[in-house]
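Below you'll find the structures, each written out as structure tokens.
Two complexes are shown next, each including chain A; its partner changes from chain B in the first to chain C in the second.
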Partner chain A sequence: MTERPLSGLDAVERGPLPSDLGAAPSTTSIEGESDHPSVAALEGRFGSAILRHSVSAGDQTVVWIDPAKSLEILTWLKEDAGQLYDMMSDVTGVDYGNGRPVEVVYQMYSTTHKHAIRLRCPLPLEALQIDSVAGLWHSANWLEREVYDLFGVTFNGHPDLRRILMPQDYAEGHPLRKDFPLRGRFSRAEQTRRALAQDVERFYGTEELAHGGTPQEVAARAERADIAEAEG
Partner chain B sequence: MGLGDLLPGGGTQKSEGGLGMFGSGSPTFLTTKIDFVINWGRRNSLWPMPFGTACCAIEMMAAAASNFDLARFGMERMSFSPRQADVLICAGRVPYKLAPVLRRIWDQMPQPKWCVSMGACASSGGVFDVYSMVQGIDTIVPVDVYVPGCPPRPEGLIYGLMMIQEKIREESFTRHFEHRAEDPALVALAKANEAEIVGLTGPFGNSTQQDKLSEGFVPADVRAEDPSA
Partner chain C sequence: MATRTVELEVGRTPEMGVDGLPARSPLRPFDVPEPEMGTEQMLINIGPQHPATHGVLRLICELDGETVMSVTPDIGYLHSSFEKLGEYRSWNQIVPLTDRMDYLAPLIYNCAYVMSVEKLMGIEVTERCKVVRVICMELDRIFGHLLWLGTTAIDVGAFTPFLYAFQQRERIYTLHEALTGARITTSATRIGGMMADLPVGWLDALRDFLDTFPNTLHEIDRLLTGNQIHIGRTQGVGVINTADAINYGLTGPNLRAAGVDYDVRKDRPYYDYETYDFEVPIGEHGDCYDRYLCRMEEMRQSVQILHQAMARLPDGPINVQDPNISLPSKTECMSDMESMIHHFKLITDGIPAPEGDCYLPIEGSKGELGMYVVAEEGGTKPVRWRVRPPSFVNLSTIAKLAEGHLVSDLIMINASLDIVLGEIDR
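Moving on, here comes the complex of A and B:
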């Protein structure tokens, strides 16, 4: 008998392989100059706060930065005339597991200079804190809430740091962390009991609940809000 | 199809003059069982409450559209208000955050009411054996018919709804409270008790192994050895 070839079912019986054991997250970095004009400018201005840089997927420049200086660097990238990264496409997080740092990832684009850049801030698990950039890009507001919800990273200075996907009173932790069990920490019975005990109205603020009514009422309310905003 | 077509004995016998049942010389009244009339009316005018959360809802819409035409069964009026609905069609996955919403919609529907669990995710959680997903809506609300499939084809949903019609045919007006008893004290509570939930939602397939990966936290020595840490 020749040995039977492995099938997908064998993998099911074997269970999940601890694929992250030993394999380090991508640490490849390019020494010396980068083609990307922002990288040289960042290194010239911030020096040691720029940890390393690399190119991902062919043409995506990635720069690792010191999280302590992240707000300063991001403010400069948005406001400096040579950079003008005015679009924050994505803020997300990566947990590589095994106690390695959680990385907060900023994906930005400059509509003036037609450049994209990706910044990554490694945060040690003991201090999952970073400055919020919601004041610079409004789009970062909900994206940072998502990273807070799923990874437990605290964004200092965020105007409204609440959970955004999981229920407000979710007590099992931050689900996308590698130390989070796939099926949650509580039993299914406890999860069901907690789910049904939720007060559905509490998901929404009073302002959001007031959005009901006839289209005329909603339009009138929006108009009043616009006038109030214009008057300051 | 008129009521007369369904009655035992037909009720459509024509008199010698060739006149129909409502013509002169025919009986102007019918006798039948109240159960028969009530069940006939109920099963041919089921108004669905669509609770579509995922791809199953697309198939549900296809079932309602002209090709498959739920209107043939008296279900053309999708009731987007639970107060005027008879049958809840839960089409798609239900996360725990949505569970109280589903339960409240079920509580708001007036009796008599029925529930169809459409597709693998609504019936058992499907492939989503994860922290966020209800493992079968029968833990939340009572389910009359499960339609298997991922997603089921419109024929599958129609067959499920026809099974509801068959179920209604067997019900009796005099035993209404036996069929449809509902305790107001149980409003907004889970349908299944804790032991039932544990039995219904046990890990299966690859997920039986998944807890192992997550056990405990990373030992300090692994963390120290890691060059990138």
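Moving on, here comes the complex of A and C:
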């Protein structure tokens, strides 16, 4: 008898849920001509930096590219007169788990030629680094920050690579990675302990803290300060 | 009834000097030299709890006098980790997560998600379902724009449009409730169809709304469009040019106000939008006023689309007639062995997906709403479910738009972007 499939709550109790299939993603690349005009142009120009390409969900062209050449390829796609992908709709990441590479995914659209293309860059877990494209498209600025925050991918050359959704001092890692348990890395007790041990001065300056107290105290203190200022 | 006397607090008695006259004020304004002006910059914090930020958004502003030198948005206060939660849920269980993101136009999110999953799985929904979803999405475009209209007007001091707009929203809430049983958390869609078909009399109620809503819209239009105060607060404020608007990733009415003719419904049509007769309003100045005009016109166009959709609504089943995708009815389930097995399999196993990924953008009320789903062979849960958040990308432009404007204009610019923090923070 096969094991019962896990429900959502079981997975919470069990912690991280690695992807069910251990096999590497299939490497079936569609050989020959693709009807998407950018694919042939990309292959002609960048050759081996184009790892493979396929058509997904019926009509969506996906191209896997070498992360080492990603900036060069993306710059060309934006600026070449035949491509002109001027709209970077989305930058995101995909983690398949089980030690497989984390992929950075770019969704692009050309308002001139009315083409859409999706690029995917597989990054090995030991080198989660890729060149930032925030200099080419401003929209990539926050989107790359989000990928950094949730997947831990470093974008080289990004002007302001900080966490964006999680707190700046979040210590538990990068939540959308498959090895990150749904409940967080720390136990509930540890999370509570850390929350209670937070330093108030991190959020308020000493001056602001000095303003605490009952309204009467604050009023009296303000009056004393006025007089002191007037005399001194 | 006894009258209550109120003792007015009188001012403090002036301090008396030694000569019996009131002591001279220690402050001698004319003796003090005027301080140098305009040298010190001030850091002020707007939000996260502030009605004018339209949610838990924090804006850290550097001011010179009242002029904004820079704005740094701080987001994440409403982060609920929806995308992570989705990885632990089967395809249909994710639907309730989607309407919690944009609670101002929930049906659009419900539809966008299932459309993407259906495209990934290669499921073709029925004609009736397509039209019903178009009705849902256009109705919620009006729903989302009305909230924007009311709250933006109130941000610049116009209270009446707020009341008018919310009165109309209340009618859409009633339609939501009749259709789905919930006012905000609709969760109306399922993979392969809808939770339920349209209830009896719902189309008449919708027609009644469509017949009277344009009158209210016209009244709001008369209150705001030619209003000198409104024009003064919005024209020339928060301007962005065409090239920057594309480069910064603006979408939706914000992009079209800057003169870019890009509407997903026209450029990458889905659900036969190319067969509906409607216009896409394009602005030319890219300021708050043009964004206002674009959204007002979009509401009128949505009314047109809704009329056309109601006229063409075909009969027939709403759900895909495939027992491996759609749940059987309760009656079938309790009386037919086969249906019960299908029901059991669907609930326990879920719907298997092929390996692959799918990014389907649709025109949401805030901009291009893309749902990106990645699945493994036979996976009944997504490997990754990503929402391309229009408000998130639109908000990232606020630093550029607000620079050099007054603080009061920053409030207007923030309002004109039409953000919803549930979707920005996800």
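Here, the second predicted complex is superposed on the first by the 164 of 232 C-alpha atoms of A that agree within 3 Å, B and C clash if a C-alpha of one lies under 4 Å from a C-alpha of the other, contacts with A are read in each partner's own complex, and residues count from 1 in each chain.
In the analysis below, a residue touches a chain if its C-beta (ideal position, glycine included) is under 8 Å from a C-beta of that chain, and two chains touch if they have at least 3 such contacts.
Source: prediction; values computed, not measured.
J.: Contacts for A:Leu182 in the overlay, against chain B (first) and chain C (second): which applies, first, second, both or neither?
T.: both
J.: In the superposed model, which partner reaches more residues of chain A, chain B or chain C?
T.: Looking at chain A, the partner in contact with more of its residues is C.
J.: What is the contact status of A:Gln107 with respect to chain B (first) and chain C (second): first, second, both, or neither?
T.: second
J.: Using the superposition on chain A described above, determine whether A:Leu143 touches chain B (first), chain C (second), both, or neither.
T.: Second partner only.
J.: Just to be sure I read the superposition right, which of the two partners does A:Gln191 touch: chain B = first, chain C = second, or both, or neither?
T.: Only chain B; A:Gln191 stays clear of chain C.
J.: After the superposition on A, what does A:Glu231 contact: first (chain B), second (chain C), both or neither?
T.: After superposition on chain A, A:Glu231 lies in contact with chain C alone.
J.: By the touch definition at the top of the document, which applies to A:His36: first (chain B), second (chain C), both, or neither?
T.: neither
J.: Considering only touches as defined above, state whether A:His53 meets chain B (first), chain C (second), both or neither.
T.: neither
J.: Thinking of the overlay built on chain A, is A:Met166 touched by chain B (first), by chain C (second), by both, or by neither?
T.: It touches chain B and chain C both.
J.: Once the shared chain is lined up, is A:His174 touching chain B (first), chain C (second), both, or neither of them?
T.: neither
J.: State which residues of chain A lie in both footprints, the one left by chain B and the one left by chain C.
T.: 12, 25, 96-97, 166-167, 175, 180, 182
J.: Quick check: in the complex, which residue numbers of chain A touch chain B?
T.: Against chain B, chain A makes touches at 12, 15-16, 18, 24-25, 27, 96-101, 124, 166-167, 172, 175, 179-184, 187-189, 191-200, 203.
J.: Could you please specify the touching residues of chain B with respect to chain A in the complex?
T.: Residues in contact with chain A: 96-97, 99-101, 103-104, 129-132, 134-135, 139-140, 188-190, 192, 194, 197-198, 201, 203, 205-207, 209-215, 217-218, 220, 222-223, 226-229.
J.: Which residues of chain A touch chain C in the complex?
T.: The touching residues are 4-5, 8, 11-12, 17, 19-21, 25-26, 56-58, 60, 62, 86-90, 92-97, 105, 107, 111, 114, 116, 118, 137-143, 146, 150, 163-167, 175-176, 180, 182, 230-231.
J.: Which residues of chain C touch chain A once you look at their complex with the stated criterion?
T.: Going through chain C, the ones touching chain A are 26-27, 75-76, 79, 81, 83-85, 87-89, 93, 119-120, 122, 244, 246-249, 251, 260, 262, 267-268, 348-350, 355-361, 368, 370, 372, 374, 376-377, 379-380, 383-384, 386, 388, 392-393, 396-397, 400, 425-426.
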